[in-house]
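Each of the next two complexes has chain A plus one other chain: chain B in the first, chain C in the second.
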Partner chain A sequence: MSLIQTLLGTVLFAVLAPVVGCLLAGADRIVSARMQGRVGPPLLQPYYDVRKLLGKEDVSVSGVDGLYMTCALVFTAFSGGFFFSGGNLLMSAFLITMAALFFIIAAYSSRSPFAEIGAGRESLQVMAYEPMVILMAVAFYLATGTFQVAGVFDLRHPIVCTTWLAFIGFLFILTIKLRKSPFDLSSSHHAHQELVKGVTTEMSGRTLAKVEVMHWCETVLFLGWTGMFFVWGGPATLIVGVVFALLAWFLEILIDNNFARVKWQAMLKSAWIVALVCGGVNIAVLMLL
Partner chain B sequence: MSFATKSPWVIHYDASSCNGCDIEVLAALCPGFDLERFGIVNTGNPKHADIFLVTGSVNERNQHVVKQIYDQMVEPKVVVACGICACSGGIFHDCYNILGGVDKVIPVDVYVPGCAVRPEALIDGVVQALDILDQRAKALEAKRKGA
Partner chain C sequence: MILIDSLVVFPLIAAVLLLIGRTDAVRDVIVVASAAIIAVLSIVLAAQYLGAPTTYFMFESPVIDALVPLISIAICATICAFGIKYKNVFAVVLAIVQLAGSLVFEFVFAHGIDVQLSLYVDTLSAIMALIIGIIGSGICVYALGYMKDFQAHEPEGARDRRPTFFAIMFLFLSAMYVIVFSNNMSWMFTGWEVTTLCSFLLIAYTRTDEAVRNAFRQIIMNIAGGIGFLVALFAVVICFGTLSFSEFIALGSLFPSFAALPVCALAFAGLTKAAQMPFHTWLLGAMVAPTPTSALLHSSTMVKAGVFLLIKLAPLFLVCPVPAVMCELVGGVTFLLCSCMAIAQSNAKRVLAYSTIANLGLIVACAGVGTPEAVWAAIFLVIFHAIAKSLLFLCVGTAEHHIGSRNIEDMDLLFQRMPKLARFMMLGIMCMFIAPFGMLIAKWATLISFVETNSFVLILLLAFGSGATFMFWAKWLGKLTGIAGEPEDVELTVHKSEWAALYLMAGLIIAVCVLLPVISSCIVEPYIASMFGVPAQGVGQDNLWIASVLVAFVAIVLFGGLRHSRQKKVDVYLSGVGTDFATRTYVNSMGGQTQATARNLYLEPLFGEGRLKVAGEVICTVLIVIAFIASGVLF
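Coming up: the complex of A and B.
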């Protein structure tokens, strides 16, 4: 994979992912509202939210949280760039974790007890999903013989045929990665939870707008990872990937609306057990084959 | 219309309400009225909120809390007093510990009467508050451009 290609992918991702992610976030809120018997906000509501946040007064407790969030955004863009230009999957996974770490540091920098609890829980979430992400990348390698995402186009069948168990494990941690209920421990979209905003407690205005945009980009990237399992042969099969990614996205909204938040112990244990069983068994089988 | 009016996030604080008004405030966010149609979200975090909904009158103990929440909110912001207690002290006005309406502690922009405040009245009040929010957002924008 050439450097130019990756850079081009990064720029394209940085431009397109916020647009797609914003529409997905808007649709998410409408679908959620319909599930609750409400009409819901307009499709472009997340865009209005971010525009409003950009117009708010600039107040920052530490003065550096905005900078940390900018770093998080840049790492997210590079992660998406690596993935969507067909580059290294492991690199993409590590870069998005770097973005999550900057997000956590931004929360810690405010020294607020609420933000610190949120940041602590966000770190726990990273600990919970990271093993499965690595195992997913290993399963991808064993199925395709390369870490390059573009490798799926040379296959005769989608990798989900041999890695379906790992895919189920990945779906499980997708809920944590998208910060959906029951794993929305670090921060919730809804008030009246035991810890309402957690990580973003002390963030406001521009910094919070950056958090929103980062979430949009993350959603696009993670749905891209989901779609990757269903692509084979040539670029024409990308449409199959998109369909399955959207199905997974709908499933996440359904889960989000039907479960209450769990304790962090339950999250960590279940995520690791799933990683061990789904990821571990799948990899063991692939190695024996 | 500025973007401030398209996504007003609210924070709700119960000063010394009898809970009648609180229930109505939350009812306005329920499916029957569905305030999220207008982008209104109950944030529960002063730093994210644009509209401060206070129910009940202010007393000696919680006047600092009300002030604290108001101070933590980021400009542009507006305050809506929900229910007659929040407007003037209501039936609690001559209790030994009651200071009176919310305007004894922080500047109030919109007074919504009623005991308990009806969700319809509350929605009207919030819509009026949006106009004020719009003016403030524009003023802030002008100040930023001038600076």
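Coming up: the complex of A and C.
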């Protein structure tokens, strides 16, 4: 039963997440522009960009990065499928890490000096956020008694009531996961920086389009994780989750526009300390009290 | 029963034959034939006993009882001979102490204690038999080709010790079978000591100063563990009046206060053999040996004997908190610190060694937790680690002989220079650390068992260790995948025996990962149910099936998809005028030529061995000492 549910969820996520993610990306650009006193592009600009990328000649330095990115997309879809069909939260977290790995390998395969450094930094980013992701899942389990996301519907109050500290820790690493400044170490929106485009330096055309679509899907998934903290009782409360997810999304844009990039040392140390303090203390309280 | 006998005796016959037939051609035939026979016997045994209830065999043999002290004397004599030759007093003293202890035990304490059901097979020992019989003997086959190259690389006129080398490999397998099938703890101890001696001889193989030094480190640490085993034997006989392992576990569960000290001492023996901190340095030192030795020590023998013993003790850890906490914390701390230290290593074999120690730490911690879910996780960690680690060691060994280095930075472009080998290596690496592959599924189950037992500290150690694990594997994996220019394919000269072993291990990885749900429900879960009375499996069958499908998908991409590209090839971007794109060379601002190169991140200041090693050794030593004092007081 749940097997079919997961597969169905995966298909639906693969269809819907790019649409929602694309709109979010467009809105992100408008909101960012307004924060900087500009008008910004049309809402559908990310869609136009990707459509144009898809029309370009399919070229590559390594010849295999397109395939690696397809794998990354497949794993992203499964990860989202697991989450939004109410499946296992840990499985969702592990599969999205596999997607991140394929993205990293795609960059390494080009053997561009810029992409290699970007890929190394992307691995560092995974290392920085992974402990907090695991602790977040453990806090979820302690609050609900299950790793199944659907478990939140059986609760009498949202899990954020008992896991607010872990939620703050999660918000911190959300910035890394969404590759927003100050933690956009592996790549950035601006082409002319010390790493050129970092991870995606050698990706173009269809391959780059896949990266964009993956990023849309990831945004939807991670905002889903955020919303999960605010849902309880029944499906009607999903609207509360959506509202808080959008608030978190706005907060991320605000942070993105107000912070300069930090060095990897600062990212790694701060992320691990936050995980230890927020995740660790929250879990200790849930376990021992 | 005849199967068990032949699995123990047959490798011994092979060892003797290998000492007699000293030419390459004869050795090839003996090794391949023996490996095939051992593998077939193991499979037949597994087919009979996997998933079946524990079967005990009535077997008493005065010959074997007489052999036990003789083997102890022989082991002591060998160590003393080496100790005197290389002037290592400490090893000699320890060996004599152990011999004296074991003789006193045999003739004074154990005298008159008969174990009637001295042999047994259960699912765990059948799984171990498969690991020893298929992976262990696969490594022996691999060694045929490898050792030819190895001998060719030796200086002119170097002595050819290969007959002894292969004989010891097979002796090792035999000793492992003794450990996994013996219900008589005295026999198990003998097998335990034989494996210690075998690894000593294998590590010292080249007789260089470094090899001898590291071999002595290994023997000193493992004899210390062996003395721990002896202490446990004394305590078991004094408290329970038996030498039967199954009776000890049954009685110990009923009288935990008497069992605390022997369990603690046995766990100590397991920790030394499984190379946990502060004893991890012997396994790091062991990599001076030829690569098949490392593969054998890390995957199917030696360290697996340590964790096998600890998993067997799991029901006792449930009732004896002191040794349980010792194992949990020593294993957990070892997992975190060794995963972190692996980040700073560029020597491939050293990375593999740290990863082995870290994963053994996880298995040790699972055994210490001792719940059904934790034992499920521990068994799968053992299986996947054995297969993936042997594949990786064999890959690194072959790569070293063909690219002349075991440094990860030199494995640049391996994807083109050794296309098949690079894919095998990628498969092995992925199996070690990422979903949907087996190791991660087992780690997932580990996490669930930690959460269900409220093991707060272990959860933190696992969470941070997992982050570090991702880093050191991902950057190695990335280094392999680079594609540039058209370098020469250097894998055409790899020996057939090496390919045979590599194909075997890679096939096993895919098969076992894909069949994980079946193995879990038909083999491991019934075993857990027979051990604890309740079946357990933390991950969920549906999740296992999806993981299985996704592994098949990745395997198809890796071996089928990455060959023909429809993408048009273009040159790389170098921020300047490129002169030779294949070597990433461009015209710099001074008009000269510069080659663009990038090294991986090793984060030496944060994750270097210096502070972390000392911290780990101090923490783990203190933990072990406290555990011994506490169990001694309780005793």
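By our rule, the second predicted complex is superposed on the first by the 285 of 289 C-alpha atoms of A that agree within 3 Å, B and C clash if a C-alpha of one lies under 4 Å from a C-alpha of the other, contacts with A are read in each partner's own complex, and residues count from 1 in each chain.
We take it that contacts are C-beta pairs under 8 Å (C-beta built on N, C-alpha and C of every residue); 3 or more make two chains touch, one makes a residue touch a chain.
These numbers come from a predicted model, not from an experiment.
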item: Partner chain in contact with A:Val39 - chain B first, chain C second, else both or neither; value: first
item: Touching partner for A:Asp49 - first (chain B), second (chain C), both, neither; value: first
item: Contacts of A:Gly120 with chain B and chain C, given as first, second, both or neither; value: second
item: Dominant toucher of chain A (residue count), chain B or chain C; value: C
item: Touched partner set for A:Gly279, first chain B, second chain C, both or neither; value: second
item: Partner chain in contact with A:Met287 - chain B first, chain C second, else both or neither; value: second
item: Contacts of A:Ala139 with chain B and chain C, given as first, second, both or neither; value: neither
item: First (chain B), second (chain C), both or neither touched by A:Glu57; value: both
item: Partner chain in contact with A:Glu202 - chain B first, chain C second, else both or neither; value: both
item: Contact residues of chain A, present in both the chain B and the chain C interface; value: 57, 59, 196, 201-202
item: Footprint of chain C on chain A - complex, ascending; value: 2-3, 6, 57-67, 71, 74-75, 78, 87-88, 90-91, 94-95, 97-98, 101, 104-105, 107-114, 116-117, 119-121, 123-124, 126-132, 134-135, 138, 141-142, 147, 196, 201-202, 207, 265, 268, 272, 275-276, 279-280, 283-284, 287-288
item: Residues of chain A that touch chain B when the two form their complex; value: 29, 33, 36-42, 45, 48-49, 51-52, 54-57, 59, 190-193, 196-197, 200-205, 208
item: Partner chain A, residues of chain B touching it in the complex; value: 2-4, 6-7, 31, 34, 36-39, 42-45, 47-48, 50, 74-76, 137, 140-141
item: Chain A-facing residues of chain C, complex; value: 412-413, 415, 434-436, 440, 444, 447-448, 451, 454, 456, 459-460, 462-464, 466-468, 470-471, 474-475, 477-479, 481-484, 540, 542-543, 545-547, 550, 553-554, 557, 561-562, 565-575, 584, 596-598, 600-601, 606
